[in-house]
Amino acid sequence: MGCCTTEEDSGDSALEAKAQSIDGAGAMATRNWGRWGEHDEKGAANLINPDTVKAGAALVRTGRVFSLAMPLDAKHVPVTPGRFPPQHFMRTDGGDYAAGLKRRDGFQTTDDVISMPVHAGTHIDALCHVGDGDYLFNGYPLSSVRSSGAKKLGMEKLPSLCSRGVMLDLCALHGVKKLAKGTVITPEDLEACEARQHIRVTPGTVLLLHTGWLGALPTLGIAEFFSGEPGIGMAAAGWVADRGVPAVGVDNFAVEVIPTENAGSAPVHRMLIRGCGVYLMEMMVLDELAEAGVHEFLFVAAPLPITGATGSPINPLAIA
Amino acid sequence: MGCCTTEEDSGDSALEAKAQSIDGAGAMATRNWGRWGEHDEKGAANLINPDTVKAGAALVRTGRVFSLAMPLDAKHVPVTPGRFPPQHFMRTDGGDYAAGLKRRDGFQTTDDVISMPVHAGTHIDALCHVGDGDYLFNGYPLSSVRSSGAKKLGMEKLPSLCSRGVMLDLCALHGVKKLAKGTVITPEDLEACEARQHIRVTPGTVLLLHTGWLGALPTLGIAEFFSGEPGIGMAAAGWVADRGVPAVGVDNFAVEVIPTENAGSAPVHRMLIRGCGVYLMEMMVLDELAEAGVHEFLFVAAPLPITGATGSPINPLAIA
Amino acid sequence: MGCCTTEEDSGDSALEAKAQSIDGAGAMATRNWGRWGEHDEKGAANLINPDTVKAGAALVRTGRVFSLAMPLDAKHVPVTPGRFPPQHFMRTDGGDYAAGLKRRDGFQTTDDVISMPVHAGTHIDALCHVGDGDYLFNGYPLSSVRSSGAKKLGMEKLPSLCSRGVMLDLCALHGVKKLAKGTVITPEDLEACEARQHIRVTPGTVLLLHTGWLGALPTLGIAEFFSGEPGIGMAAAGWVADRGVPAVGVDNFAVEVIPTENAGSAPVHRMLIRGCGVYLMEMMVLDELAEAGVHEFLFVAAPLPITGATGSPINPLAIA
Amino acid sequence: MGCCTTEEDSGDSALEAKAQSIDGAGAMATRNWGRWGEHDEKGAANLINPDTVKAGAALVRTGRVFSLAMPLDAKHVPVTPGRFPPQHFMRTDGGDYAAGLKRRDGFQTTDDVISMPVHAGTHIDALCHVGDGDYLFNGYPLSSVRSSGAKKLGMEKLPSLCSRGVMLDLCALHGVKKLAKGTVITPEDLEACEARQHIRVTPGTVLLLHTGWLGALPTLGIAEFFSGEPGIGMAAAGWVADRGVPAVGVDNFAVEVIPTENAGSAPVHRMLIRGCGVYLMEMMVLDELAEAGVHEFLFVAAPLPITGATGSPINPLAIA
């Protein structure tokens, strides 16, 4: 039985009823709250265990390491209106010494500062990032996320994301360089990829999906890039949860297809993050991995333990 | 022949002569510039290769993953005067919804921003972080680091730091909870650890040193913590370079012993980073690893690819 | 009849009753809500009118201009724990050109960024800065202040603070260089200053009080400076409101005496800002003005119109 | 004799010769270095004196105060590529209390942070903002502006800008709502305004010029707004300096006409700021002042004393 049908296991039926009624018509009520205990804050990362880590390590055959992050700077990171691109400021630099800054004992050091939205560039969403009906994943109240940060489900609750990783290549499946905007990735697509790639997404497997969308950014331009995207639909989201995927990463900006299937706001975010505790990773750079034909690997992402953050920039690695 | 004695291989003898003359009396002239080509910007990370990665992966026996980072927030991260602690700002939070913020279609999202010095908390120094006599590692001019960031040797030039890792436990060697301030770690100490732990630091091995200094921060207080520290001396730095270590990480704030042996400024930083292209990782959390008695592992650190940065916060992992 | 006794004029008696009941035992219920209309967001700044501006301008006799602000930088601005000092970052500087930055057509420009708490250094509090019992000044709900800023009573609602200004010199009155920590400034003190200085605080007059506390910062040290301060007590706060003062500025960090008279939290802030719409200005530099013996002037402060801000750094001027 | 012809008075003829040679073909060599002493850092603000302040105060006839600043927020402030709009972050807000934040003793406070380029929104340029041939105004080396800020000519060197102010209405002169992009404002235009408005720009008078460009921003859109602008040409810049104007403010983004007359970079900035020490104020809101037909006033701008800054956001006031 998949994680998505375990609602009846929830200990807090009053809470359930309340949330259920609020979830209402549009939003799917799919969730697995209580699956890992009522105090759990790690969600589907609980599906990672020593065996899945070892299974990942066993996939390191060539010793090749792929960095799946995009450059972090104001020039390269596209941001939606309201967010600002990463700002990088030097506090001491070589120019200062060229201009006459005294060197203590010959020693010259350079120093700098980074300021950025945590959801800019290649990043992971923490489980506190999405709420619905006043509740976060596992029934934690949305009101636990305040100006001082998230008291529950903050980024620091996920010390690492290290497990077997699989990349399903939708572009290769369809023989295209990039999926078209609005393309809904379905469970059938995912299983066709599995078949084509002779691979299977097992519980604890971090799943990466290659759509080609981010790689097309230079061609698309920022406005078109953010106007929509190919991504997973609700059925595929259910498939992801049912397969026991702790985290899914895509080379687009929101994992899910846009426009959404129900024209509502972020239904896949709601089902996966808030409903099932599955982590989403966005703006991943997957073209090199796809070109190399690397489909299985040890996946490693190590979010910065920013206390109470709703996400973190990451530099995910595929070690093959 | 160790990396420290390869100066004669440098193709640019005029540059050598110039740098040599500038290095002058106090600073050690130890360096290996040109070892990986005159255009190299990765330094000792070149000592990592598919074999060392595979050797690391082969050490994953229990599937246990250790996160070696400290929490990133203003309360936990001690900073030296002039730097500010990590600042975390919410752009949207649960309080806003509690106060009446309209939910589009029921959807509620939270969002935030991080602003911090890249050398705060657990972090890695990029090779552009240290200069001497107007030169950075490999003879790149310090003047290539400007307000717009480092044109050479910036953080983005190290896509990952993934290899076999070894932790030498100086505390266990000396039977103490923490080394005393000012304790100089010597080659003899390191070799005694090797013998005691039945382990060897081989080329390409990321080296972690457990001193207990960071773990003592709550007891020491910030002023005492930054007033000095146990750390490696010049001889140990030479040993590190000679052994082919690409990166060394310590649970203190500067890797090297303070006060320094020659009373000069950061001689170990100068020898290792600027002279030999060895990466330093500071403020690492090693107590749990030491307590678990885990001495060999797959080491993974993935710096954020902040273009032109002099370092990056990291969440290093030891996967055993 | 003073502003503090006009509660009965409030149109919204249900609101009154509610707020009254919440104000409870400790907090004084003093307030003048509704005095300037139920939609008013300027508070006691309504007491400034063309006549008080002209009266201020008529005081410009010598043409001397006093800047009453402290330097804004990390070194000079003391901050309480949790706040960070002003951070100033260069985006382009002379060092860059010295290091070789290309000059377009010979032109060289420098550029920078400021990041700071609005309540750091010399600053003014907006009326949305203080709430009690879920209400802000004039009965606006505290919940109107969210992550996106204050919808009501934000800094931008006060376009300027320009009127006749008077400085009462408590130090001169008592013949001391600074008042002692915890000294309660009373109405009797203020009236004794008036008598001694042959001056009167009339409606619309911006009132500055010289205590010597900020001037003593270098001697006191930051910890002692923030451990308490001389300042106005509740009776003097009532006097300030009754006299029709739109804004009161003091050379201390909180205007009011600390420890507070009732051992409660910020009773003067609550009475003046939230109860009566009176603006507070803190960390003002008044020593030079006091030394010059300038007691009457055109006072000008122009807050930055930061939309929804709870305050603004200011450089207040006394033009005499 | 105007300020622009005093080069021969410079004490440092070698410096003169050097700068002269560097100024070269394109850039005009106009400058008045040394006019206020070789150590001067206030430039044309020296033309303000008690008499011009008193003359300004005497113009306060109606007691009306005009704020000439635009709202400071990400939505309202247009920025050129590379700069980011003002970012405003709440550290504590009403939402937090609505979500359950404990109130100490009933007291509720809100708190926030501003982060912004100093040249965003309505602002003033400090004299260190512009260099040419390695020199700033008065012969100070550009290399004195480093990552730690400007050692010379920083914003804090101008404690206030308070004097008689005059607004010349170019729109009214030409009977248009806004001058067309690229319109060069000439001395003849300025003198025609003087004649039409029965007013004279005398030494020490802060000069405001109404072009209508900023008011047209909503119609123009950001791209067109920044693509060029009406503004003063080189002849008018010379006129401004010759008339003894300490500061000139315009409702456009660069004071000077764009495209520039000589197709070079910022010739007016170079002549006025770097050559003659005249302060420029940009993005001023002048439409209301123009509509009210207010042409003479006490002008007050009080830059934030950000140590070493190249400018400051301001909320300039015209008090009439």
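Labels for the chains are A, B, C and D, by order of writing; each one numbers its residues from 1.
As a working rule, a residue touches a chain if its C-beta (ideal position, glycine included) is under 8 Å from a C-beta of that chain, and two chains touch if they have at least 3 such contacts.
Note that the structure is a prediction, hence the values are computed from the model and not measured.
Shared touching chains for subunit A and subunit B?
Common neighbours, subunit A/subunit B: C, D.
For the identical-sequence pair subunit A and subunit C, what's the CA-based rotation angle in degrees, nearest 5?
That rotation is 180 degrees, given to the nearest 5.
Give a one-word verdict, same or different, on whether subunit A and subunit D use largely identical residue numbers at their interface, taking over half shared as same.
Mostly the same residues form this interface, as more than half of the numbers used are common to both chains.
Looking only at C-beta pairs that count as contacts, which pair of chains has more of them, B-C or C-D?
Between the chain pairs B-C and C-D, C-D carries more contacts.
Roughly how many whole angstrom separate the Cα centroids of subunit B and subunit C?
The computed centroid separation for subunit B versus subunit C comes out at 46 Å.
Would you kindly tell me how far, in whole Å, the mean C-alpha position of subunit D lies from that of subunit C?
27
Please set out, as single numbers or ranges, the residues of subunit A touching at least two other chains.
In subunit A, residues 82, 87, 89-91, 93-101, 113, 115, 143-147 touch at least two other chains, as defined above.
Considering only the defined contacts, which subunit B positions touch subunit A in the complex?
Of all residues in subunit B, those touching subunit A are 22-24, 26-27, 49-54, 57-58, 60-65, 67, 69-73, 75-76, 82-83, 86, 88-91, 93-95, 97-98, 104-119, 128-134, 141-147, 149-150, 156, 159-160, 162, 264-266, 269-270, 298, 300-311, 313-317, 319.
What part of subunit A is in contact with subunit D in the complex they form?
74, 82, 84-85, 87, 90-93, 95-96, 98-101, 115, 143-148
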